[in-house]
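Naming follows writing order (A, B, C and D), and every chain is counted from residue 1.
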Amino acid sequence: MTVQKLRVGIAGLGRMGKRHALNLHTLTHRADVVAVSSPDQNECKWAMDQLEGVRVYRDYDEMLAKEDLQAILIASATAVHATQTLSAIEKGYHVLCEKPLSIDVAEAQAVVGAYKRSLRTHPNQKVMCAFSRRFDASYREAYEKVASGDYGRPVVFRSQTADLLDTSGVFVNYAKTSGGIFVDCSIHDIDLMLWFLGEKSKIKSLQAIGVTAVHPGLEAINDRDNAIATIEFYDGRIANLFCTRMMAAGQEDTTEIICKAGSVRVNMQGRKNHVEVHDSLGARRELPQYASDRFRDAFITEVREFTECCLENSPLPISLESSVRALVIGRALQHSLMSGEKVLLDEIDSKL
Amino acid sequence: MTVQKLRVGIAGLGRMGKRHALNLHTLTHRADVVAVSSPDQNECKWAMDQLEGVRVYRDYDEMLAKEDLQAILIASATAVHATQTLSAIEKGYHVLCEKPLSIDVAEAQAVVGAYKRSLRTHPNQKVMCAFSRRFDASYREAYEKVASGDYGRPVVFRSQTADLLDTSGVFVNYAKTSGGIFVDCSIHDIDLMLWFLGEKSKIKSLQAIGVTAVHPGLEAINDRDNAIATIEFYDGRIANLFCTRMMAAGQEDTTEIICKAGSVRVNMQGRKNHVEVHDSLGARRELPQYASDRFRDAFITEVREFTECCLENSPLPISLESSVRALVIGRALQHSLMSGEKVLLDEIDSKL
Amino acid sequence: MTVQKLRVGIAGLGRMGKRHALNLHTLTHRADVVAVSSPDQNECKWAMDQLEGVRVYRDYDEMLAKEDLQAILIASATAVHATQTLSAIEKGYHVLCEKPLSIDVAEAQAVVGAYKRSLRTHPNQKVMCAFSRRFDASYREAYEKVASGDYGRPVVFRSQTADLLDTSGVFVNYAKTSGGIFVDCSIHDIDLMLWFLGEKSKIKSLQAIGVTAVHPGLEAINDRDNAIATIEFYDGRIANLFCTRMMAAGQEDTTEIICKAGSVRVNMQGRKNHVEVHDSLGARRELPQYASDRFRDAFITEVREFTECCLENSPLPISLESSVRALVIGRALQHSLMSGEKVLLDEIDSKL
Amino acid sequence: MTVQKLRVGIAGLGRMGKRHALNLHTLTHRADVVAVSSPDQNECKWAMDQLEGVRVYRDYDEMLAKEDLQAILIASATAVHATQTLSAIEKGYHVLCEKPLSIDVAEAQAVVGAYKRSLRTHPNQKVMCAFSRRFDASYREAYEKVASGDYGRPVVFRSQTADLLDTSGVFVNYAKTSGGIFVDCSIHDIDLMLWFLGEKSKIKSLQAIGVTAVHPGLEAINDRDNAIATIEFYDGRIANLFCTRMMAAGQEDTTEIICKAGSVRVNMQGRKNHVEVHDSLGARRELPQYASDRFRDAFITEVREFTECCLENSPLPISLESSVRALVIGRALQHSLMSGEKVLLDEIDSKL
């Protein structure tokens, strides 16, 4: 008897693409990475060296045209996420697309529309945005603890995405197409907020403030490197988000869900592993440097579960609508950040 | 040779008054608690039992009239803080007044005015508002580390005051005269913010949101039991405050000062002492239940240093103007919390 | 181009065998689990359900006779470890054998002898005992930190293996064939001691004491459920081992390497993941319950690296001699534990 | 009404003497430091500067002859502890003597004998050895938790005294008269062991090993700078002690009491205060440097409670017999450390 495997194509082989490719290729028993595509010559060379038996394309459309695939993992530049997802949807393929689906709300919504229409003819088709934290063991345990009701109703949600300080200067260039700090960083916290507080909670107000402390170039592109947001819901809950690009010790993504009779917290004491050193400076532990270190296992779980979901036709763990809603909230916060306006929403019309 | 001692009178013998009285009476070598006053009969009885050799008055003014004092510690009900401080200032006495000086900004400013006028005739007179955290060893070390410049400019200030959940119901009654959660709780964080970010930083905007989760009675008195604030400064810094009345495990006052090249944090892992228990529930530590547990040593240091300051005519560690400014900011946040308005301030006119 | 894969057979499908089988089958890209064997009918059934495409045998020798394999992973009962390893060595197969190779020193040494003879005709043959902690990321980082010399010479080695308290009573039955607590538990700490202090350090003395606190049945089989050992080396180093079967919160394996100018510690604050809960009992985290939770990644790394090592003919990470030496030390400690004797060793004759 | 105060004389003004003098003088309301004595001119000068109103003597006996005292605190050189205690006992004075009472067992036992005889004529006389950890809030809470029985019978006691590495070289000179590392350091752990496991538990065996790693001069005076001991009791309990003079980060005194259904631990994560710094080296906290930092509050509590005990004629918190027994055990461990012998004790004759 042989294992049924999902025939996967991968678009984009940057940092995240490489990681997904290796996770699918070597750690996902039921996936078969058939082909990859990247417009970048070095990335193609990397694939030829590292991904034994996988065909390599410079052009995404050519890969789609020539290969007989079942699923596409999209990890290309954000600018082409939506277009590539649409092409794959049209072919009836399952799609796992890196976040965000787009930095443009209308474009993201167009993808949702296309997916909905496609479902009529391909009822088992799976399209999902890759929000890795939902696959992290700690976040999952936190979710179960909150959902158990043991600690009462969750009332206050506090979450931060804190990236390692990068003093190389290359960051500003990347930021240009990122959609801004709330779309690039906090969208993970927004996704978690929707998960923990309930996808249906309606937002009453939101606002954000921020500064440019270590990347002055961000001023010119309407972005900030440190920002704080507050969000108010109609059902009596509040949220507080913090994002920063200047965390000196490493990646520190933390979340607190404060319920009426207890609170559940994730990663309030960041640590890379179980090592601690005591020397003349005191007692010291190191932190994960990047999200890819902190969420290494979550990335593996993500592609494995997506593979299972396609093969078994089981429900998607995250709805595409929720991911688009996270984008809308992220864009609204970015608007507030740059305009200084507090955004007030009518309960009935609240789209956020 | 005998020790020169400061003759102190104490007004108010509630929870804080009792603590200050004992700290001054038994742990402050250079202070001599000569007299205490309280309108409450039980409190007077407590004083007669516990404070050997101290005269006890039911009436504050009578104490002032009959006793030859040098300093007054005011720990009475907030409503009389300002009046009692003014009476003591008039007599040329040093005053250590529990926070807040008043919940009314004008009244607090009147005290500052009176003190300034009194200084002309009593140049060595000391009047200070008791912000205990400035006397805490951890906050002081954090301050020194930030001030050293080793971690670069402080850019983001995050601080929370989290009180133990009290389900007895008596809390709402107390809250009526507290000035609201931002004046009662967050004023400590505001004071720390002014200390760490610089007393002269001008505020550009502030806003707050909140909910009433465990004390529904707060709705009727224009207050909340959980609130979040953001504050923006003209010099490129931001602050984030969180206050809650429903922390299930105990008192959790935490502060992070995030600088450009490092961050300094206070009490991110609350613990009552050095004990940890491992049993079938996991690994567990207990937390201090009240601010009086967490800041026990700070309260002692506070009265000891105030005593030294009066006897040695050394500079006050906290200026009265700064404390009034903290009150003004707290009131503005409380206004934003209840109105939903974001308060924008002109750089020149900014009084906050 | 296709991936070159190592054809592996697995002997034994108990708790560890199942885990190794799944790790090799689904998470080790370059291994191909061809066949498994187990005398236990339920385990065979499990294999038929879970290991798609793998042939299942009730008899180890039959598997060896019928299959064309390259490597054997032995995870059967300890009593047959040596015999099965010898059979595989004779066929020229690579072997990864669960610890201990045997509880009998002479038998273990016979395996080493057979391997050495076999190497003359199969110079690339790899035979290794599975000491999982050497593949744990934290222990590896600790090793690098110590080896860097930054903290000076390692002088004191302290290590503990603490198993979750099992009140079911089944444990005593298992213990009968385990070789005793120092061979079953502490052998990991002994292996680490040899790694961190140097494989060539000669032992001057060793002794152990212990008690039977929660498993009285251990008395009858010459074992204890809590024991402490001290070991003295001729080169001026000392070690302290602690092992227990009654840790209430979970698995707590900790190690400290105390060097002249600093110390490196592993897992002094056990934690299952990044979650912490604060409720009326205090602040609480959960611990891994079993070694299989704590060392989940190490087990995966172990089979992956062993696979690489066989395919690439790279040096083995642990020598078989070292593993037999660990066994000899474990047996000597068990002897001291039961006899109460301190074992003194001559520097020249020291076999330990 | 005036406060009844205990008239105290202090012998010795070294590091501990100064601390005790200040604690009694400025932080112990019911104690009156009447006089101090020290053979050291600089220490006498310090007393004249710092202890207002206190008479200063160069000679202990002269102080005893001239002053009308009620209690003596002895913090002089260990060599004169016993003699000075005996003189004070003869005068019927209460005595708090720094540990150890003596490094000579017979001399210590002579003090116990003298105290017992003196009690016939001075039934309220209090003589106690100063084991500060019994006054530490964390150890007290740990004791209550163990004594509650919630975690079952305590079976394994592990404790360490780890002193900051001192590279100045002055240490060896001090060590000459210290009685050895087990009498100087571990005596605290031994005292805790007797407290936690029961003063009446009889020792079956004990042994110790050690090395000289950073203070080679210790070899010549029959001492070690790192040592490990194991102790076995007749009632089915075991203990493990570790002491070191080379802890690079500071003072790390830790204790674990492992009971059948849980364990209680003290100071497994040493920290000076509530501050943590995150920078490019990772997350870091500082440790207390000296026992005087870690046990600052315990020292204050100790003299305050001793004062109360004398004034109120309440029972002593630690019996003198227990302290002598701790010394006997410490000496026996030091003997084992230097001789390499395991000491076996008969249940009936066990004096330890």
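Criterion: a contact is a pair of C-beta atoms (placed from the backbone, for glycine too) under 8 Å apart; a residue touches a chain by one contact, two chains touch by 3 or more.
Which chain is which protein? Per UniProt: A, B, C, D = Scyllo-inositol 2-dehydrogenase (NAD(+)).
For clarity, every value in this text was computed on a predicted model and none was experimentally measured.
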Common touching chains of chain C and chain A: B, D
Remotest chain, chain B as reference, centres from CA atoms: C
Chain A and chain D: spacing of chain centres that average the CA atoms, whole Å: 57
Distance between the centres, which are taken as Cα means, of chain D and chain B, whole angstrom: 38
Rounded Å distance between chain A and chain B, as computed from the means of their C-alpha atoms: 42
Multi-partner residues of chain D (at least 2 other chains): 151, 247-249, 261-263, 268-269, 278-280
Complex contacts: residues of chain B adjacent to chain A: 151, 153, 155-156, 158, 165, 205, 207-214, 226-232, 236-238, 240, 242, 244, 246-249, 258, 260-263, 268-269, 340-342, 344
Chain D - residues contacting chain B, complex: 1-3, 25-27, 29, 52-53, 137-138, 141-142, 145, 150-151, 261-269, 273-280
Residue ranges of chain A in contact with chain D within the complex: 247-250, 252, 269-271, 278-287
